[in-house]
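In what comes next, subunit A is part of two complexes: it sits with subunit B in the first one and with subunit C in the second one.
What follows is the complex of A and B.
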C-alpha cells in the first residue's frame, strides 16, 4: 500500500525525534569515555583509551561489576525453572482462580519498586540476610518475574495441545513428552525471558540500592554514588561496560529467537 | 560408541519416568498445574510478607527521645502525612509528572511502534528494534548519566550554545529535566507494549477505510486508534505506574529539588531514619498505584498486560 506523503512526513519526523532522544545518552557516553582530557568537554579534546586503562586497574569497580554479574546470574537461574513452570501451567491448564492468580503474579509489577525494595529490605533484615549477594539476586528475580512468565506463556499458547496428546498416543510417557514436545515449543520464550531477566538484573538499581551495603555494592549503585560528586570520564568508561553488555544481549536475542518475537501479536 | 550412548539415554529417561511415576502418580495429575505454579507463588509471597512488614512499621511512630519505634499501633504517621503540605506537594508533583510523561510517551511511541510494525523493510525494522533495545537494556543510571553530560552547565548543549555565543542555560535540576529523562526512560516500554496490539490490526482494515474515502488522518482516528486500545491501555498503565514511582530520574536529574514520592520514602528511611513515616508513605504510594491500576483495569480491561490463556 503506498502511503500519502503527509503521513510519511509526520511519522518519520516523530520517529527521528524519538531516535535522537533514545540514542543521545548512549552516543555521548561512548564519546566521553574516549576523551583524552581530564574533564568531559565538547568538542572532545582528543581521543585516548586512558580511561579504560584506568578502570581496568580499579579493583572496586571490577568487584562491583563481578557482583552485578553474580546477582544477574542468580536471578536468571532462579527465574528459568520458576517462570517456565508457571508459564506452562497458566497457558496449558484450566487453573481454578485463574484470574486471582494472574493478579497475584502481577503483584511485582503493581507494587512499586520502592515498595518491593523496602519490603524485601525489612524482611531480609529481619532474617539476617542483608550483606550477602544472593538475596539481591532473589529480589531481582521476584520484581521481574512477570517478564519471564509472559515470555513463556506467549510461546506456550502457540503450542497445539493435540501435539502432546499425539506424543502420548505414540507411547511417550509424561516426562518424555515434556522434554521432547512441551519444552522445545516454549524454548524461544524461555530464552528471551531469561535474557531479559539477566540484563534487567544486571542493570537493577533501586532494589540494589536498598539491599546493598558497602561490601555488596553492585555496579549501577557504585556509578550512582560516584555521579553525585563530580562527572569524570572514568564513569563514562564504566558505563560503556553496560552498553557492551546490552549490545551482547541484543545480539544473542536476535541470534537465538529473533528480535521480531517482541512484535508478535498475542 | 553412539549405540551405547543411546542406550544410556534411554535408561536415564526410563529411570526418570519411573521416579516421576513413583513420586507423582497419575491420579494426582489434576494437582499438577498448582504444583507448577507453587514456586512462583512462593517467590511473590516474599513481596506480600514484605508489604505486611511495611504495614506493621507504618503504624508505629518514631519516639523522638529514644529513636525507637513505638510498641503500640497508632495512626500518627498517616495523620502527619495528610496534614503536612510538603507531602501533598510531593504527591501532586509525582502524579502530575507521571500523567504528563504518560501522555508524551504514548504520543511519541505510537508512530515509532506503527512504523516498526508496518514497514515492509526487514532491515529498518531491525534497526528500529535495536535502537529501542539498546537504551532499554543499558539501565537508568547510565542513561541519566548520559543526560548529565549532555545537559549539564558544561554539557554538550551548553558548549554548543557557547560556540554561537549564547550564555549557558541551566537545563538540569528542574522539573522539565526530570520529565524529559522519564519520557526517554519509558518510551521503550511504551513501544514494546504497543507493538503487539498494532501487529494485531490487519493492514486490510486501513486499506478498506482508505478505499471508502477516509484520508489517513481519519483512518488513524477512527480505525487504527480504537483497534490499538489494548496496546494503549497496557502501555499507558506501565508508563504511568513506573514513572509515578520512579526514583533514579528525580534523584539524578532533579538534583534533590524535584523529589518524587519514592525519593521522599528513601529519605525517610536513610536520612531521617524515621522508618514508620517511610513505611506509611510507601503504603500510600502502593495504594495510589493500585487504585490507578484498578480504575484502568475496570474501565478498559487488562489490555496487553494479561498473562495466560484468556486475553482480551
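What follows is the complex of A and C.
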C-alpha cells in the first residue's frame, strides 16, 4: 500500500464509524440482556444470565418464538417451488409479457408494507382466515417473493443454455433434465433465496402486526406489545436469541453455498 | 481425381448412415440453411467447413434435433427423424463450450447418458471406466469438472458423447477455444478414437486445416448453401468455385475478361496483362465474359530473374512489398509490375538455402496455365 497517510486515515476512520454504527444496536441489546438488575440499561448493572432463564420459562415468549419459526417455515416452503420455477422461467424462457411480469413481481416493493398489510388483512378477514398461523406465512411469502425470484434468476441466467441441450442429447427427457441438470445448477440461488425468505419472514413485523391476534401473535409483535406496557431485560434477552437465530442462518448459508454467491445473487 | 481416402473406402460400398434431403432453415425471414442435401456413409468422418454465419452450426443442430428444419427431411439409418425430440435420437454430441455438468464428477458425467438411456445398472461402472480409459482419463474419474484442465475436460466430453455407442457423433467446434498446440493434439485424438470405434462423425469447424487433417469428406458451406462436398485433397486441388478456392489455402485472385478460348484453356486480360488459365467450372468459358482466376501461393515459383523461370508458361515480374518470415517458410507479397494495386502472395519453402529478397527488390514469378483455376464471376 503506497497510499498517502491522510487518505488511509480517512478510510480507516470511515470503516470504524460504519462498524460502530452497524454493531452498536446488537452490542447494546446483548449488554442489556446480561444485566443482573431489574430494569433495561446499558452498560448493564452487573452480569447475570437470569433473564435468559426467565424467557426460557416464559410461555408467552416461547410460544410466540415457535409461532415465528412456523410462519418462517411456511413462508419458505411456499417460496421454494414458486420462486424457483418463476425465476427459472423468467431467465431462461421467452415468456410472454415477460417485462410486464417482472414489473408485477416488483410491486410488493413499491407498495408500502402498511398498504399490503391492510389489503391482506381485509382479504383474509373476508375469507375468515384470521386467527390461524399459515395465512401469516403466505402473507410473508407474497410480500418477500421478489427476493427469492431474484436469487434464482441470478443463478439461472449464468446457466449455459447448452447444458439442457446436452442433457437432452444424453437421452434425458425434459422432466429428468430439469431435476438432474437445471435444478442442481440453480441450487445456490435456491438455497440463498430460501434462507433469505426464512430470515425475512422470521423478522417480519408490520404485516404480522395487522394479521395476528392474541392466539397467533409472532415474536416481533409480542416484543412490541410488551414494550408498550413495561420494558424489562427479558425483551433484550429474547432479542439476542433472535439475533443468534439470524446469525445461525447466515452461518448455514456460508457453509452451504458460500456468502460470496449470496451477496452476488442480490 | 481420386483421393486416397476414397481409394480405401469407396463411398458406394457402405450403407448410408445420415442422409440430409433438401433441408431449409428459416429464422424470422432469414434463411440460415438453403436446400442442403448430402449422404454420409457409415463410419466416415465428415467435416462441415465454413465461415461464421454460413449455416454449418444450424445444420448440425438440426441433425441433433435441437432445431426442426423449416423444410426437407433428415434420415438417420434410413429413418426420418425431424419429428423426433433430441432425447429420442441415438446421437452423441461434443458441444462448443463442452456443456459438461458442473455438479458432477468426470465419471458421473460419463455415466449420465447410460442412466438416462436405461442401461443395465450393473454394467454402467465397467462401461464408464472403459470409456474414461479410452480417452486416457482413468485416474481422473472422481475429479470434479472444474478440477480438470481444458484438454481433460475435452476428453470427458468425448467420453460422455461416445459411452452409449451412438449411431452418430456430432462435434460442434469443440476445439475452437484451445491453444494451437493442444488443438492439433486433440484433432489427432479425435481421429484416433473415431477410427478405433468406427463411429460415423460429423464435425463442424471454421478451421480449414482441421478440416483437411481429420476428415474423410469435407463439405464447404457459405451463406447457407453447400458449395462443395468432396474428399479433402479433392476440395483442395479442384475447388468447385472461387469461394472454396479462397476459403481453403492461400489463394491469389486475378479477374478479367476472356479474350481467347481453346478447349479448357483460356486467355483473359487481368490488370492489363494477358493471363492463361484453366477452366474449372461446368460448361464452357464464353468470349468476353468476366472470369476469376485462382492461383495458390505455393504454385508460384520465385527467382531473381525471368531467365531462371523458362520452364514456366507464365512469367511475370514484381516488386517485393513485404517479406514475412514464418520459420519453415517465407511469405512474400509482390506487387505485379504494370498492374498497380495487384499484389500476389507466394511462398519460399526453403528460406535457408534460397536467396532472400528484401522489400523493394524486383523479382520474377512463374507458374503454369493449369495452376490458374478459372471460374465464372
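Before moving on, here are some points about what is shown:
In this section, the second predicted complex is superposed on the first by the 251 of 266 C-alpha atoms of A that agree within 3 Å, B and C clash if a C-alpha of one lies under 4 Å from a C-alpha of the other, contacts with A are read in each partner's own complex, and residues count from 1 in each chain.
Keep in mind that, in the parts below, a residue touches a chain if its C-beta (ideal position, glycine included) is under 8 Å from a C-beta of that chain, and two chains touch if they have at least 3 such contacts.
Computed from a predicted structure; not experimentally measured.
Put subunit B and subunit C next to each other and count what each touches on subunit A; the higher total goes to B. By the touch criterion defined above, A:168 reaches subunit C but does not reach subunit B. Of the two partner chains, neither subunit B nor subunit C is touched by A:37. When both complexes are overlaid on chain A, the residue A:160 reaches subunit C alone and has no touch with subunit B. In the overlay built on the shared chain, the residue A:181 is in contact with subunit C alone; subunit B does not reach it. Shared contact residues on subunit A (touching subunit B in one structure, subunit C in the other): 173-174, 176.
Every residue of subunit A that touches subunit B in the complex is listed here, in rising order: 1, 3-4, 6-7, 10-12, 14-15, 17-19, 21-26, 28-29, 32, 39-43, 78, 81-83, 85-95, 98, 101-102, 104-116, 118-120, 122-123, 126, 138, 141-143, 145-146, 149-150, 153, 157, 173-176, 199, 202-206, 209-210, 220, 223-224, 227, 231, 235-236, 239, 242-243, 245-247, 249-250, 253-254, 259-260, 262-266.
Residues of subunit A that touch subunit C in their complex: 160, 162-163, 165-174, 176-177, 180-181, 184-185, 187. Taken in their complex, subunit C has these residues touching subunit A: 64-66, 85-87, 91-93, 95-97, 99-103, 112-113, 116-117, 160-161, 164.
Looking at the complex, you find that subunit B touches subunit A at residues 13, 16-17, 20-21, 32-34, 36-37, 39-41, 43-44, 46-51, 53-54, 57, 107-109, 111-112, 114-117, 125-126, 128-150, 152, 154-156, 159-160, 183-184, 187-188, 192, 195-197, 199-200, 203, 206-207, 210, 215-217, 238, 241, 244-245, 247-248, 251-252, 261-262, 265-266, 269, 278-279, 282-283, 285-286, 289-290, 293, 304-311.
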